[in-house]
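Two complexes follow with chain A in common, the first pairing it with chain B and the second with chain C.
And then the complex of A and B:
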């Protein structure tokens, strides 16, 4: 009803002027909030660097203990193959029990147990096994440590075998063997900082796109200013849209800051695709997430409640949308549920544009999904906002 | 700034019978918040068994002082002694805490919203280790006294403001402290609940010999205190018994009619600093106590304008406070005369017309058949307790809420079909002033100018008008949050007027503003109405402000139960209940009981004085005196008092409540 009245009362110019003064007001208010601004800048600069440089999913520096019951050339050769940066050799233990104790204490991650007569068995062409005990309390690290160790032992065994065969017939050529020759795409140096720093930016965009407009709206509710706006010719649509517009601008600027100050100069992340397209998509994603935030703000009574809702609403999104864990590895029902998470699509879009260099032709479905979700959330927020007045 | 009370209070009989133990002794008290000095050298002595009042506007230092006395705030200078213990360390504070009760500022802030009335009381009692037997007995008594027993299972968050405050009082007093410290217990509470609150407090003091230190922002509550200090800007401007404070500024109030009013005001302002217009009446403070001399002064100042219906009264405490503030010259804010808009306005015609407005929320009827009319240039006051339906009426008239039934015309637009047009044509200002505190004065004005679609040229013009009208020059680039409340209030008014609306809605616009700020504000409103013909609809809790309105409507349970001009409404009550007399007698607490037994049901205690209604002045006065003297009490004086609008309000609401007191009907909002 309000929009029709607007047209009666003035023109499109007045409508745009209202939106403009409201948006400018939001930006002014943000400018005055120095602690929040500092937090914003930190989140999109130093914090991105810390995450990129600090978070690593790869196996690194895992502490290895050895109980060597053999002390032979072969045992030394095997131990020697557990090399940095993946493993750190932390010495031998005399007693196997002491080793297990160290695992319990958490001061060692792997315990390699080489039986007596290890060398003899190898020389005597008997099969022999070594025992590896792994602490998998940190499951991903433990599992990859176990996998790496298994591969090292396997290669050791293969080398022994080929040495023997080679010793007999003069080469490896006769041996049947399948080798995996993989080519690495998109991140040729397999630089993990790329993935981690971009993931962090996505996390920060999500957080701020949700919180900034939501907090701004709830603050107006708390201070009673929203009442003043409602009796003025500003429509609920303009009130909400101005917040989204202002905060989207801020988030775009912050994202640009992160790219220019950390991503490119420090980690050397390439932007393979179109930068304007990426920023356009970031704006779309901000709008979508802001819709969610504004919806929460119409339910919440104060800023503390908005904070709680952010925790509740955003945490699963951040954890399950594919930046913390591979999306495909999740149970089907989680995957279905996450179809509702706009972040799930934005992850595809971001990596697609930044690292793969793909464009609209490949990503259109993700974009459409984001736009639909955003429109729905924003509409729901509007509906709640209007209903609240009753 | 001298402490008068201590020197010569012995001559007053009411307190002299009691011993003079000082419960609280404060000397040279200083409290700073960073660089800001909140309290600057305050001396104060509270004696056993008295109600000591701290009066002053927001930010005058009342709360800091009370918190320090309660032992919950450190201070930077001077000494605080409570029950003879110096409160200078945490350990000392712990020693006095069992003997005192502290009710912090804010409606129900010390209570737990999810707990029921009874659970809240029990919690505070257990916290204070009240024995189970005492608890049962005290709880029953206090619940009965506050008339809350019917609601003992109701969650605190579902109580009305007045009920919350009564519950807060019970929780503060459940351990029967010797000293109760109550920080603005009546702020934001409607007049009826406020009066009830004071009555309960007076009874408790009578019964238990408790001492009370209480603060208030309502100047008209000052006469309920035995002694008081008037604070402003962290300093004591005056202290002592109400009569002593009154004696500090000798003078009289002259009330009269003079036309044309604007011309009369202009002439009077040359000679007098305190000139107020109350509807058709003018209210002037003259510096002479001699009544005929005061009259002559007024006539001289008016020149050829002849005053009509002249009345000369003793000044009220509020007038005295304003005079004191002006004398201390703390208010240098100058506001220019708002330049009158060039455009000739139509002063006639109906601005607001409500007809049979009904609004239901579910099965609850919040507004029930409300009709009234406000003309251009009229100030119309909508009064009523919290939950009486005032805000709902305003929301409907503003076009935010659709009525269930009925019709309304605001500024020529139908509220059912043209909400957008109404919004464009009205100005609105709410209790919270609804400004953006983190924007500057200029940014706030420009924001609202943009919202109302003003173009650059009219914006510049209007901006100047607002700055002059509201006396904001010099403040343009200050952050709104750092402004004094009075300035903030005028800025909010300016923002509501940015588009030159013909109708202005003000929803409790004067909370927390000091008396001078409030008078200044009303001066602006009068000018808007008189000179520019703006129609103003206002709601307020300050009954002294309602006097400024041309017409009033009193709402109760969604209906208008009385309407007319302030004078009409007083006449109606005088006709029904009689005239108001003030009785000064020994032992006012006992006197109250005797008077009630003698049939004066409306008798009420005001500090050391009693108010009674007399239908037949001669007979009733004699009857009251006889009742008291026969019981052995000495009556010092009985004198007639002009009826205040608060008396009207309380009388109306109380009689309605008595008429329909059916259990379970009380509506809590």
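And then the complex of A and C:
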């Protein structure tokens, strides 16, 4: 009995040792690819900073031109309300046509047209309307600008009405009004650097977790070194697992680098939840994505093919999983399709842990989905890989 | 440069590409597939924001008010709660993105002509969405206020409803949406997707074509052959430029015929810009391929270089003017931004050469510089 235990413990040790050696081989191979390594470091440091600091999807600095046909106190008062950070007053144009031309060239986004006799109409209690032309080649930004403009003119109008009515009854009068009070949670100041820098890390993890193990496996197939491994005592399972392990370690280290060098010190992203849980989840996500990559690698015969399959798989993941666009607004078929994208779950997990501070009790369903997807893909890849080797 | 030698290199490259069935299929299928998937699937408009309500008033007016949110296509009603703690939980679990809290005595105060504050709690993880959602809420509140005020004036001053409305809204705004009258994000997306599809696939094709030879050692045949540096590079590029050119035509047809995006501009300008852009994108692949030694490095670096600036700094999702100065510099360092300008300008704005010659010039500059750099980097006498 004891002997058998010993033998079993011995085999396990040998098994683990072999896995360790294979993992080490992968790491060494990566270490020797200097351009790739430098690029990896760049991707998780400077690149995170550039995207975090540089990208703002919120409306800001929308260039506004004004054609003021009135030049009165009222028109100036209205123009004055279009303020930074949303709008940037880019001067007046004498002629409507010049304004439209500037919109054509893309050097201005909005053209506000105040009609002549604007002030007179207001004093004379005639309703008057101002015109706004918006460049909507970029639809969301255009809409957002129009919404802000509507808000500004609406308030201008309301102030005027209340002043006038109050004046008529000799004193400020009560008026029914629904006022809006907003409380923004998890990111009170709507600091976009948090969102963008975290998104960027998600993007990078996805790309590297998919590509590193996939390329490593195909390289062995292409060079024929898989044959060498086959005659060695390692099993196909160990070959695949060692690649995933090595790359997951690399990705965890890179993520830690990004958190320690950019996210915390530069952008001050709060890590509200548990950091160990986050890294554990990153490992799970890398494993899942690596499973996808390895599956692709078993289908592909050379690295060019793997590249194309990576593009096929990764672009929808990156663009449709909710880090670039609002997930809820996607058409239903995209939402269904994206149930297959591990990134879709990892987005919720990451923002949940880092910004919302929620834990396992809330996120268990996303974790389960990731684990299931990863296990399935890894299993499928394993099955194909074994079959190819036999 | 000897055209026969160029043709020979090109023919060899072409055969190699054509014989790899899966690769060839992907080279043509991928751009078209993306165009269709992202054209229909990539929606930028903030709509269907899931929300819950906490109605502390439970009056007919409060129901009338909340009904405006429930009816709107911008919001997606997910039920009502009785306690603020439930809101906490729903927001934490991302089951909702917003909650509206209607205070007590909502109806009573409004009918008495007093103001009422309605609180909205927003999930701020995606600041753009939070901000847009805020805008929607304010718009609903403003129009609701307008109607209340009109009613109120009609009731308390005995005015006709027209006159009351005139009093309630002295200044109004008329908005005209230019270039994209129905403000469909499909229209702004699809032309830019032509850029995306071209940019992501062609550098990879080119980069791997060269590095593959370096890695397998077959490049030594070239080193020892009579083909000159320039002949080799031109021959190498030719098949990939051809593939990309066919793709440009296919993508244009998908945009115009499938998505019905109007093409208002000058077709010659569009073709010229596309050709220059194809030279740029293949040039990027060529430069990368000469800097790295392994296919793995070429693969990863090309995909990331092609993907990240293309998604972030090309104007595809975020307009370049609203980037920070540093990011704008980065945007200008890549050819994608200029091509996006030309494509959107040609499709939606109907601009011609006069308005876009700077973009074309920039693209030409990139094409020339990239090819020259590739020429400079390529050597037939490697050190190792």
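Assume the second predicted complex is superposed on the first by the 373 of 390 C-alpha atoms of A that agree within 3 Å, B and C clash if a C-alpha of one lies under 4 Å from a C-alpha of the other, contacts with A are read in each partner's own complex, and residues count from 1 in each chain.
Basically, a residue touches a chain if its C-beta (ideal position, glycine included) is under 8 Å from a C-beta of that chain, and two chains touch if they have at least 3 such contacts.
Since the model is a prediction, treat every value here as computed from it, not as a measurement.
Asker: Quick one: is A:230 in contact with chain B, with chain C, with both, or with neither? Answer first, second, both or neither.
Answerer: A:230: touches chain B, not chain C.
Asker: Looking at A:25, would you say it contacts chain B, chain C, both, or neither? Reply first, second, both or neither.
Answerer: First partner only.
Asker: Classify the contacts of A:274 with the two partner chains as first (chain B alone), second (chain C alone), both, or neither.
Answerer: neither
Asker: Touch test for A:14: chain B only (first), chain C only (second), both, or neither?
Answerer: In the superposition, A:14 contacts chain B only.
Asker: A:140 contacts which: chain B (first), chain C (second), both, neither?
Answerer: second
Asker: Check whether chain B or chain C contacts more residues of chain A in the superposed model.
Answerer: Between chain B and chain C, the winner on chain A residue contacts is C.
Asker: Pick one for A:45: touches chain B only (first), chain C only (second), both, or neither.
Answerer: Touch status of A:45: no partner.
Asker: Scan A:33 for contacts with chain B and chain C and give back first, second, both or neither.
Answerer: A:33 contacts both chain B and chain C.
Asker: Looking at the overlay, what does A:376 touch: chain B (first), chain C (second), both, or neither?
Answerer: neither
Asker: Residue overlap on chain A between the chain B contact set and the chain C contact set?
Answerer: In chain A, residues 33 are touched by chain B and also by chain C.
Asker: Please give the residue numbers of chain A that touch chain C in the complex, ascending.
Answerer: 33, 35-36, 39, 43, 47, 50-51, 53-63, 78, 100, 103-106, 109, 122, 125-144, 146-151, 153-154, 156-158, 160-161, 164-165, 173-188, 190-192, 195, 203-204, 207-208, 211-212, 215-216, 219, 222, 300-312, 314-316, 318-320, 324-326, 328-331, 333-334, 337, 348, 351-352, 355-356, 358, 362
Asker: Within the complex, which stretch of chain A touches chain B?
Answerer: Per the stated touch rule, the residues are 1-2, 4-6, 8-10, 14, 17-18, 20-22, 24-25, 28-29, 32-33, 223-225, 227-234, 389-390.
Asker: Spell out the residues on chain B that touch chain A in their complex, using ranges where they run on.
Answerer: Checking each residue of chain B against chain A gives 398-401, 418-421, 423-424, 426, 428-432, 434-439, 443, 446-453, 479, 505.
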